[in-house]
Amino acid sequence: MTVGTTSVLVWLLPLAAAVVCTRLRSAALAHGFAAVVLAVATALAATMAFAVVGGTPVVGPHLTWLDLGSFTLGVGTYVDGMAAVMAVIVCALATGVLVFNAWYMHDDPQAARFPWQFCLFASAMLGVVLSDNLFLSFCCWELVGLGSYLLIGFWFDKPAAADDPAYQARKGAAARGVLEAQLSPAHAQLKAFVMNRVGDAGFLCGIGALLALSLQLGARGDVLSFANLAALPVADLAKASFLGCSGHALLVLAALGIFCGAVGKSAQFPLHTWLPDAMQGPTTASSIIHAATMVAAGVYLVARCYPLFPPEALAVVGWTGGFTCLLAATIACVQWDLKAVLAYSTVSQLGLMFVGLGAGSAAGGKDAAIAHLFTHAFSKCLLFLCAGAVIHACAGHQDLARLGGLRKRMPVVAYVSLAALLALLGMPLFSGFVSKDAILQVALANAQAAGGLAWGPFVLACSGSLLTAAYMLRWWLRIFGGEERDHDVTHHAHDPATSAKAVLLLLAPMTLALPRTIGHWLPLPHGDAHTPAMVTALALLAVGGGFAVWVFGLAEHSGRDVAAGLAKAAAPVHAACGELWGIDRLWNRLFARGLGCGVAAVVARCDLGSDDRLAGLEDPARSRSLSPSVDGLVDGLAAGCAQVGSSGASLHRGRLGVYLAVGVGVVAVLLLWCGGGF
Amino acid sequence: MGPLTACIVAPLALAAATSVAPPRAARWLALLGALLTLLVGGMAIADFAARPGADFRFVDSTPWSTAFGASFTFGVDGIGAAMLCLSGLITAIATIAAWQQDKWPRVYHALVLVLLAAMNGVFTSLDLLLFYVSWEMVLLPMLPLVGVFGGEQRRYAAMKFFVYTLAGSVLMLAMLIALWNATPREGRSVVVPHHVVAAHADASHGTLHGLPIDLGHDGPKQVHVPRGFDLRHLALQAEHWQGANFLGVTLAAFGFFAVLLACLVKIPAIPLHTWLPHAHVQAPTAVSVLLAGVLLKLGVYGLYRIGVPLFPQAAAAWAPALGGLGLAGILWGAWAALGQRDLKRLVAYSSVSHMGFCLLGLFSGTVAGATGGMVQAFTHGLSSGLLFLLVGVVYDRAHHRRVDGFGGLARPMPQFAWILLLGAMAGAGLPALAGFPGEFLVLGGAFTATGSFPWLGALATLSVVLSAAYLLWTLLRVAYGPLRHPEQAAFPDLDGRERLAAWPLAVLLVVVGLWPGPLVDALRPACELVVQTLQGGRP
Amino acid sequence: MIAFAEAFPLALVRPEAALCVGLFAILASDLGPGADRRRAGPWLGIAAALVAFLLALDAPSGAVGTMLAIDGPARLARLLILPLVALLLLAGAGERRHGTDSGAWSTAVVGVGLGALVTAASANFVSAWLGLEMLALAGYSLVAFRGGDRRAAEAGMKFVLFGGVVSGVMLFGISHVYGATGHLDFAGIGQAFANGAPTAAGVGLLLAGVGVAYKLTLVPVHFYAPDVYQGSPPLGVAVVSTLPKIAAATALVRFLSMAVPAPLVDHATLASAIAVLAAASMLFASFTALVQRDAKRIIAFSGIGHGAAVVLATACLPARDAAAAAGFYLLTYVGSNVGALVCLSVLERATGGSGLQALAGSWRRHPVVSGLLCLFLLSLAGVPPLAGFLGKWGVLQQAFAAGLGSATYATLATAALLFLLATAVSAWSYLLVVRAVVFAEPATPSAAGGGTVPFATKLALAIAAVATVGLGLWLDGLAVLAKAM
Amino acid sequence: MPELSPDRLDGYLLVAGVLFVAGVLAVTTRRSAIGVLIGIELMLNAAALQFAAYGKFSPSATDPQGQTAAVFVVVVAAAEAAVALALLFAVYRTFRDIDLDATRELRS
């Protein structure tokens, strides 16, 4: 079987599994079937990876989907090392998560629905990964959105947090900054989809720019294929124009458009607020969303389109990533919801990847970012699975203030999650060390090379990394370290069932930077900045980690609440972080209520008028008030006609004398007028 | 009698037959008429997909008036085939949706059949007078379908719909007559543009649109066009309309304005759209399905078939403004939909928004845009038809349509919720569903067009945000979350009839979304010709 | 006798004679005792009208002195008038309640028909005026036919007084024309104009035109129509709103084609003036109809608009086929208008009035008749493919052909555009009736069942309906009429 | 002021004109239906007079068209007056009034 065929199979097998699973009523059967198919896909992806990694990329089959004469839109696959490895990761993690989910949802009556939505999601992501053109990427990109929509809304009938007594009882002390009235799976899925769509609008403009650019430069056929885009005659750029930009600026515009899509999918500021809400879905769904699909898509897409990104666009990418990295990290530091910490951690790590991407290809930014994407995928997937296990074990409690000491009750989960966490922090010997180091290295190299503002992303990334070490250790220590805090919450806890444990244990080694593991499969950047970057990374880890161990481990062990003291000392900052810097509220007010509902209400009112008017349309007794609206104007026109008619009718009041007088009078006037003419 | 003539005659004959049929049998007659249309339309579209071409096929002519040169000439190109197919399909669905019509079933189904005949007449006639007659004839059955069978404010809605659309199209009558008057009695010789020769000339018979033409030489090809109303012949004389005078303006400018006005009202484009929410809200479910599914397409079709081919210069001159109007409709409609609290009105405004794409696409003057506009017209018929059906489903159960009067229906009515999700996603333009190809092609067309169109396209991308917002927010409020009205726990899920109406549309949404190739292949050559004509009109 | 036959070529006026015979037969049958015999009246009239129609089918052309001209328009008018008389009689034949099946009613209807025939064939102001008076006198009695009915009496009084005044004005004008030209016959007047005639003749013509305008209900001498129609029985309205229009229009066509006052006023100005008057009437009628609350008043304003449309067609004279367009317009108008009024007659009997409130929900009583009424009204509104559309088509076609051809006639094209505007506006007023009749619910829910519809009425409705639907696609009808002239 | 004499047309026309104007004034100002009827008769008679006068003085008229027309006018005026009076009587019977301002049930 050729690599091309394999790639198609890898992409479509999960889709087929999704279709089949919709017809399966039994949850166990569906999970089993889907897991087997995904495992097969993993194996196929692995063969593919062995074939292409280190070798030449393979162009798979390509079909023309639509032929528009001057250009075509196609469907096809393209497998290079990045795609193959990503496909393996997606399939492998998906298999693992699905097996884990079989246990996780063993008592959920809706569980049979999970596998097909999950497979659809995975398949869509594989489409993004393996696509050979930007159009197909966009399509699958959107389907990824659909998958996330379905999975986040898995428990679509759960009430909003504000109306949910169970949530209110469990939420703990510090669930602040969250809009509880809109915190439910149903709201979260909507928010995720619509915010992604904001990015997609930009993405479409980016595609449009590239389309216009290609056609104006004389390209024909499947102009949106990556091969064609890479081969655009950049020298002729000045001939093309789009949205008033031409030449280089046009390329920047196109790149920024694509990046806009990535900002949405990868939850970068300012479109990051959907991701924490997406925690409303099943934890297993979060696990795959945060690891290998959805959020990874953004980073992957930018990497895929990397040749198109000029330095100006990369600077925006880097700065956005750096800012998001720090912003999310500050928020993660003070979250009390165990999943929220992980969510903001993801946002922060994604920011880090964008910092890497922003460093530019000269510094090896793409390789660094992709490496971190891969390593992060495993660690974050494991962390979420562990979080799921904890939540499951503690009857839905996820308040860091009430958990504690669980390492004794659920050792497997505790140590697997510790491994994943250390990988995330970039501890030497763990995979994250390699990738995070690479990112800091390229950022530093870029900063050194470009100077000035290019230092920004590096500094921000360093600050974010510093905080990462602190808040992730805080997370682990609060859950697994120390002593039991709330007996009611934790006394039932135990490790999950064998199958789930097996998943955790099988995935855990992937977080290590051992020979032949994923961290060594990638072409990592090498350069002069390697050593300073490594030193910086280790220093950051030591300071951040040390701080956390001191505050949440040692100090707490000795009964001192250093954390509270610090919080009081830095009260304004602490409060702002706790309130998510007010961004959720502001966006809600500005976009959902203002630009969305507010403008909509005005438009609707301007269009049809007030409710009162609408209620009285057919009631002659109710005066059709001339409500200033488009429809009111139409009725006003009609009323004006009727007014003209009324004045005409006022001559017809039944008086014969008037009739005769008017008639004779008009005839007389005509007579005089015409008589003059004769 | 050819198949296309049968598509007009058969529904009329069946409508007459309802008067002698038993009341319960009328619906079968309506279904029969619709399926016949669907069959012919499907056949035609398959033919065009198999052998792409911009020529008119299945041409079929019966003399009407020798004095005026009018005839009952029917024929379809890819555009007509697609629309005919849509007309049959949606009418069949609407008939199934109204299967239990218990108020005057015979009258109701007879009216639907007359409506079907009129719609088919618009989509297939190649004679401008016949086109106009069919165009106006659509109003006749619609008046009672809304006014008699509709809801609370049906009288207001029906009258407004009727007079608004009638007023919109009166000028078209003047245009028709002026065109006829501007042709010499003995006809005239015209030079045929090359792309028209390429698309339409019949080399084996040496004819073009039924007129003898000498294809033997390399020079400019000439035909002698008789006086009459044959659309194809009128289009050949576009230069002359540009030269003729109509009360101080060129005949082309007046003619285009007349067609434009009629079509903009029908489409409907803002600010001429306000009849639509009333008509939709008051019409019975099945009529709403027909209205959104087919009737709105009449306007789009009119621009493709009459407006641009007959008056390319005027169309080209107006194109940027009309593209802007399309954009304005897209955004205004989307925002208005977001602000609605009545489900039907919401879907109605979504139609306003979606139909804006057709305008934007056509006037972008690109093949992708024009094809996309037509694809959008077709697929919007499917998705909005489905959404109206589903609104009807909840209305039948709850007897109201307030968005805030529902909540959590996915629990008692899972199948309803899934199909609603499908319809909403299709409406939101999700790839792999039917709403996507049209929107993408229109945007692609706008992006690659000249002038201000890329800006219009860029702004139109906002609709992907807004459409997701208003459709999925509606879904959230209706289907998701906890059950907000306990009595709705007992709502039954879709019954057999409702499934029969909804599933074909749902399946088609997926099929067309995944595989729009045949549709696009059938549409593209015809749209390409329209675009060439439009571009030929540019100074 | 022979001398009389020479002077008066009976062969030319056989249809008129046949109708005359019918008139006398009705009168004679009415003399006999017994109620049943009286019912023979309508059928005698129908028979006479049909015989006359058969005679008119292949009638020769010619002239009866300077008085009557049996030319194309006249023969066409016969073909319209005679079946119409039969249809009107048929519609009344089944209806006992208001005595429309009586000999008296039939006499009056046939009398109107006869007057219409005379007017339509008149080539002389005296015969034209006599024909119009004949129409009028019979018409007065039809309008006030419901004895003891306040409204009918008021309608009759307004009709007769208004008609009298118009008659006076017209005669005064005719006398001036006569004085100025020395002729009363159109040909002679035309000759005199060609030789140059004093201004007084123009003034006289204008005054004489008032009489024609009155019959065509042109603004500003339309005032009687709404009140008269509202008060009279619908079948009476059916008579006085159709036959006089045909007659007056035909006379107008003949006059304009025989005697254009060329030196006084050039043709373009005359045509423009007529077109302006017509457009003013249409607009006035369409707007004023919007606020009417009585179906018959709406029919009246509709009639004003339609009469104006016919006048607009005559403004296009002597263009080819303009007269045929006017004729076809009248044909379609007459079919739909009579149909609508017969429906209203049935509904009025069931509901007790023609006010929109009284008519509300009458579909519950007479669903089919209500539906047909809507059909007729939509035809009057000119919606294709119903008959009214083609009528409009012909007139517009003439007006645009004349108006777009040369700049001096541009007013005609503008008037045609205004005609379209008026059409759109007037659609609403027709819908007011439609709304009341088929959209609304009855004021009193119990009122169901409106009694049976007599067979003769059903037959009349069927004929009108067939004409309304069937004529709508008969595009060649215009050419056929043009040829028939 | 033209010289009035039986041999001159002007005098007849003047009388006819005065009669006509009087008639017009009567029909437009009288509130009583009878008054209007009288006005109509005045107008008709003005016309008849004018016909006869023109008939007599018209130089070209060899046949007595004008006079004939005048006779017709008289006859028809009588017929019309008869019908009008009958209708006025009908109105009086139902309304007990023939004031035109009172008899206006028919109106917009």
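When the chains are written out, they are named A, B, C and D in that same order, and each has its own residue count from 1.
Note that contacts are C-beta pairs under 8 Å (C-beta built on N, C-alpha and C of every residue); 3 or more make two chains touch, one makes a residue touch a chain.
Note that the structure is a prediction, hence the values are computed from the model and not measured.
A.B. asks: Centre to centre, using CA atoms, which chain is the farthest one from subunit B?
C.D. replies: So the farthest one, by centre of C-alpha atoms, is D.
A.B. asks: Work out per-chain C-alpha centres and flag the one nearest the whole-protein C-alpha centre.
C.D. replies: B
A.B. asks: Comparing B-C against C-D, which pair counts more contacting C-beta pairs?
C.D. replies: Counting C-beta pairs in contact for C-D and B-C gives the edge to C-D.
A.B. asks: In angstrom, rounded to a whole number, how far apart do the mean CA points of subunit C and subunit D lie?
C.D. replies: Between these chains, centre-to-centre, one finds 26 Å.
A.B. asks: Averaging over Cα atoms per chain, report the distance between subunit B and subunit C in Å.
C.D. replies: Their C-alpha centroids are separated by 42 Å.
A.B. asks: Can you check how far apart subunit A and subunit B are, centre to centre, with Cα atoms defining each centre and the answer in Å?
C.D. replies: About 37 Å separates the centre of subunit A from that of subunit B.
A.B. asks: If you average the CA atoms of subunit A and of subunit D, how far apart do the two points sit, in angstrom?
C.D. replies: 94
A.B. asks: Going by the contact rule already set, what residues in subunit D reach two or more other chains?
C.D. replies: Correct list: 27, 33, 36, 104-108.
A.B. asks: Provide the list of subunit C residues touching at least two other chains, using ranges where the numbers run on.
C.D. replies: Each of 157-158, 161, 165, 169, 226-227, 288, 291-292, 425, 428 in subunit C touches at least two other chains.
A.B. asks: Among the residues of subunit A, pick out those that touch two or more other chains and give their numbers.
C.D. replies: Touching at least two other chains: 649, 652, 654, 656, 660, 664.
A.B. asks: Any two chains that touch count here, so list every such pair.
C.D. replies: Per the contact definition above, the touching pairs are A-B, A-C, A-D, B-C, C-D.
A.B. asks: Taking the touch rule as given, give the residues of subunit C at its contact with subunit B in the complex, in rising order.
C.D. replies: 371, 374, 378, 381, 383-386, 389, 392-393, 396-397, 400-401, 403-405, 410, 413-414, 416-417, 420-421, 423-425, 427-428, 431, 434-435, 438-440, 473, 475-476, 478-479
A.B. asks: For subunit C, which residues count as touching subunit A in their complex?
C.D. replies: My answer: residues 157-158, 161-162, 165, 169, 199, 202-203, 206-207, 210, 219-221, 223-224, 226-227, 264-265, 269, 273, 284, 287-292, 425, 428.
A.B. asks: For the complex, give me every residue of subunit A touching subunit C.
C.D. replies: 638, 641-642, 644-646, 648-649, 651-652, 654, 656, 659-660, 662-664, 666-667, 670-671, 674-675, 677-678
A.B. asks: Quick one: in the complex, what on subunit A touches subunit D?
C.D. replies: That would be residues 649-650, 652-657, 660-661, 664 of subunit A.
A.B. asks: Given the complex with subunit C, which residues does subunit B contribute to the contact?
C.D. replies: Touching subunit C: residues 64-68, 70, 107, 129, 132-133, 136-137, 139-140, 143-144, 147-148, 154-155, 158-159, 162-163, 166-167, 170-171, 173-174, 177-178, 180-182, 245-247 of subunit B.
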